[in-house]
Amino acid sequence: MEHEIELDVRYYETDGQGVVHHANYFQYFELARVEMLRAMGHRYADLERDGIFLVVHSITCKYHRPAKFGDRIRIRTKVVRATMARIEHRYEVFIGLQLIAEATSTIACVDRQGTIRRMPDFLVNE
Amino acid sequence: MEHEIELDVRYYETDGQGVVHHANYFQYFELARVEMLRAMGHRYADLERDGIFLVVHSITCKYHRPAKFGDRIRIRTKVVRATMARIEHRYEVFIGLQLIAEATSTIACVDRQGTIRRMPDFLVNE
Amino acid sequence: MEHEIELDVRYYETDGQGVVHHANYFQYFELARVEMLRAMGHRYADLERDGIFLVVHSITCKYHRPAKFGDRIRIRTKVVRATMARIEHRYEVFIGLQLIAEATSTIACVDRQGTIRRMPDFLVNE
Amino acid sequence: MEHEIELDVRYYETDGQGVVHHANYFQYFELARVEMLRAMGHRYADLERDGIFLVVHSITCKYHRPAKFGDRIRIRTKVVRATMARIEHRYEVFIGLQLIAEATSTIACVDRQGTIRRMPDFLVNE
């Protein structure tokens, strides 16, 4: 399973070095997961309404090149493993054809009280 | 009633122009209100736990000079009016003795469902 | 002159109350100005490359209703006054047909050193 | 070499789940590095003025427990390796005595044009 989004760097996402602040890539990856879910027919807002909260358990990112305001970036997201306990994603970030960053994340599922619960079936089977 | 906080500009708060992004001043003002509340003996986290949510109804800011990473800024906050319906604050932002921004805000009070409610007494009388 | 953008609320733009943090509206308005400029045939990144920096001189916002993750918001931006010194914008934010916020801003123009300069002609005449 | 900072979670750092958004930890770690540098007698703003820009090359984080508004967190930062090319940090985040997150980062050094350069001596030897 693989999904792509494109987005324009927003001005306030850049920092004093004139490039996208490294922490903001994790906001992009969250957006990529939400959009991937939407492409599968699920709205994350509905999941939370049903008491299904996805939380980030771990995350990594390697930065190869900076992105600037004015750049259009493309994020390719893959599910590399999905079990009842966790879903692992892999992200590749491009400007044009150039790979500028690579990342991974592991997501777990909790209920409204924050207690770990099984991942819903439709996230694991699809 | 008047209260002051000092804070160092954080790197990620600056933008591509190398200065604090104008939207981030509103985060500073929120912090100023929280700290003023704390100085009055109340923790905002406790208020929310008790179903008292303070929401911003309107806000204004004039920017006279930019602030950069490395700057230490001082925010002087005053309550200019407090009624059962709303509290109005006024903020002055300084670097050293130089006034770099001035702002106002009006805060209302809502319950857990987002319905307007009376301001708690201790916020109006103090 | 009037321009509209639509955008989906991003998860990280919400706060502990589950609604878009009030400071983040100013990021939306910046985006609205950048997109309006683009619709006029100008890329803001190019302006900065040419030493034309637009800075916010003052800003106001009134919040009528909160916006949540899952909401799609529409921002209508108008230039209400444009002189060699300043450009004034007015913003209306909608969810569907409901007006949820109204705002104004005044923008000035500075050079690379931060010194006030005349607004470029193409921003005033168009 | 080891350094600790304490900070209060700011309201706007929380997200719709009422906890600190995972991306914001990387802002905390940046702050921890800046403060560690300051404890060593160097201001990062001065480094940039001298053409020494520190950039994040890679970063990882594992989240064990969430942090909420009202929490005071403590970040212990260690330099685990420092060469002319890169500095590796390790971070432990605590609420009280409980470890809530663990992270690592690798920092490189670039000049004003973004070209990789040797790390300044005082960052490697100290």
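Going in written order, the chains are labelled A, B, C and D, and every chain counts its residues from 1.
We take it that a residue touches a chain if its C-beta (ideal position, glycine included) is under 8 Å from a C-beta of that chain, and two chains touch if they have at least 3 such contacts.
Values in this document were obtained by computation on a predicted structure and should not be read as measured data.
Student: By that same contact rule, can you tell me which chains touch chain A and chain B alike?
Tutor: Shared contacts of chain A and chain B: C, D.
Student: Steps needed, at minimum, to get from chain A to chain D via touching chains?
Tutor: When the steps are counted carefully, the minimum from chain A to chain D is 1.
Student: Mind checking the centre-to-centre distance between chain B and chain D? Centres are C-alpha means, answer in whole Å.
Tutor: 27
Student: Using mean CA coordinates as chain centres, what's the gap between chain C and chain D in Å?
Tutor: 32
Student: Which integer distance in Å separates the CA centroid of chain B from that of chain C?
Tutor: That pair's centroid distance is 22 Å.
Student: Where in chain B do residues touch two or more other chains at once?
Tutor: Within chain B, residues 11-12, 16, 23, 27, 30, 48, 68-69 contact more than one other chain.
Student: Once you draw an edge for every pair of touching chains, what topology comes out, line, ring, star, complete or other?
Tutor: Graph shape here is complete: every pair of chains touches.
Student: Which residues of chain A touch chain D once you look at their complex with the stated criterion?
Tutor: So the residues of chain A touching chain D come out as 16-17, 22-24, 26-27, 30, 48, 53, 55-63, 66, 114.
Student: Give every residue of chain D touching chain C within the complex, in rising order.
Tutor: Per the touch definition, chain D meets chain C at residues 11-12, 14-16, 18, 21, 23, 68-69.
Student: Quick check on the complex: what are the chain B residues that touch chain D?
Tutor: Checking each residue of chain B against chain D gives 10-12, 27, 30-31, 34, 43-46, 48, 68-70.
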